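Chain IDs A, B, C and D follow the sequence of writing; residue 1 opens each chain.
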Amino acid sequence: MEGSPYQPPRGAFEDDVHLFAVSVYFEDTDLSGIVYHANYLRYFERARSDMLRALGIDQRAAIESGLGAYAVTEMDIKWKRPARLDDDLLVISRVETVRAASCSIHQRVMRGDELLAEARVIAALLSPEGRPRRQPVEWIEKFNAVLGKGV
Amino acid sequence: MEGSPYQPPRGAFEDDVHLFAVSVYFEDTDLSGIVYHANYLRYFERARSDMLRALGIDQRAAIESGLGAYAVTEMDIKWKRPARLDDDLLVISRVETVRAASCSIHQRVMRGDELLAEARVIAALLSPEGRPRRQPVEWIEKFNAVLGKGV
Amino acid sequence: MEGSPYQPPRGAFEDDVHLFAVSVYFEDTDLSGIVYHANYLRYFERARSDMLRALGIDQRAAIESGLGAYAVTEMDIKWKRPARLDDDLLVISRVETVRAASCSIHQRVMRGDELLAEARVIAALLSPEGRPRRQPVEWIEKFNAVLGKGV
Amino acid sequence: MEGSPYQPPRGAFEDDVHLFAVSVYFEDTDLSGIVYHANYLRYFERARSDMLRALGIDQRAAIESGLGAYAVTEMDIKWKRPARLDDDLLVISRVETVRAASCSIHQRVMRGDELLAEARVIAALLSPEGRPRRQPVEWIEKFNAVLGKGV
């Protein structure tokens, strides 16, 4: 089933994993003919942003109200297989741990059944001055709700 | 209506215009808080690539078979209003002229009724050696089919 | 003559033109094997930022003090020849017109004597709220000083 | 000491570490006002490419001759402190291990004495078909030469 052309790409949760589809464009590739390694981080980030939206966490409102924004503080990535122009990819994200001021998220980029890349990401909430700050209780509850859905 | 989370973003033609939805992510913005000007060119290119796909023109097959690829040779852009994080944008593309070796395309980025940016783009088909080459007759027919749908 | 490895790339004025050297990396290329068209806008912007620095205009201080930032409002670009990995490029920028709230700048990307791309760019000073604002008198004087150096 | 405006940025070895200077531009930042996390991977890659050049390894010739190209297969990164517009950064790279088909490289992004980010990177030589291949003996010797210079 296709979305409307007026409808921007949106992912969704299925049980405890968040699914987000990505298509590969010229901008993503490099002269090796495959997706440039750093661009997987952009795919991962789009998927995390979409996941926050799906959870009801409004990043833009958080920034504009002075609450702050998530920043990636650690990432451990493995690139397994290359993605190519026009490939349809799926980013699968799972919240693994929720701490007071940060979350740990496992993310994979799949092409059908093939694992192309995977990462473990730590994202910390930072105040506008760049200091770590506690995540709002409602946000932690939202994360825990999807943690709880796991099998 | 939402698309499936397994379904990557796809646009579609409505009469002679092609519609392609884009969402704004962190990667697109700069420290002014708005989308970095050069990133509109990425939105335009995604929309053109999707338009080719909607027309049945397979860019990847064309590259792999040695036919060549489209390259942008001219662009005239105006940025009117800024886009911001989480904005849902719509790229509206219209093929204006089809020549032997190139096309002229008019593209706009809209946020609802607001025009954020518009461009006139010349894309030329280049051989793998970088020389202009005639577009396949079937491709020209496909372009003419949507040209003919205009009002 | 080489710069120090501790010294980030800096351009300089020669008479009325500003020169800024750029090297092509993997990140700049796409699967066609050449520099992705939108990335020339990044080269142009680095060169303009360096030009402002060479003129003694501190963009970061202007943003942090609430004065505002330049935004590109119009661009007319032609891509003539492709750039490739490891190419050494030179961006040549010339301020053409200075108005109350904007400047017009002509920019070229050269590889030796070959013209690879050229653009005419309008950059307008915008307040933090995104409204056009008059450029400080000292800035206009700085621009006029290099305008006056032309032949 | 400044380099010539005609001279693109080049790093250099000092004993066993390779130094490469980077300046932060608008394109590098996001709406948080700091450098977008994925862009550090671009800095790291520019530094590695420059390191290969300093060692006398010609990546473009290797690609064009059909030998292949390095691909990043693993990366473990920590972001410690944010970089901002106009910051002058130094990427410090050290080859840690050289295997038959890959190298392990430690990289840091510094602003003066401050560590902003660090990464451990595995880069593997891949054939044009994407298969791991042994690095040429002369390349391994070049890597070992800088390994041997360590203290």
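Here is the rule we use: a contact is a pair of C-beta atoms (placed from the backbone, for glycine too) under 8 Å apart; a residue touches a chain by one contact, two chains touch by 3 or more.
Because the structure is a prediction, the values reported are computed rather than measured.
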Chain pair, A-C or C-D, that carries the greater number of C-beta contacts: C-D
Fitting chain B to chain C on CA atoms, where both chains share a sequence, rotation angle to nearest 5 degrees: 180
Interface numbering overlap (same over half, different under half) for chain A and chain B: same
Greatest separation from chain C - chain, by CA centre: A
Centroid spacing, where centroids are CA-atom means, of chain C and chain D in whole angstrom: 26
Between chain C and chain A, distance of the C-alpha-averaged centres to the nearest whole Å: 34
Per-residue multi-chain contacts in chain A, two or more chains: 26-27, 31-32, 34, 38, 42, 45, 63, 84-85
Interfacial residue positions of chain A with respect to chain D in the complex: 31-32, 34, 37-39, 41-42, 45, 63, 69, 71-82, 126, 130
Touching residues on chain B, where the partner in the complex is chain D: 26-27, 29-34, 36, 38, 84-85
Complex interface listing, chain C residues touching chain D: 1-12, 14, 19-23, 25-27, 42, 45-46, 49, 53, 58-60, 63, 84-86, 88-90
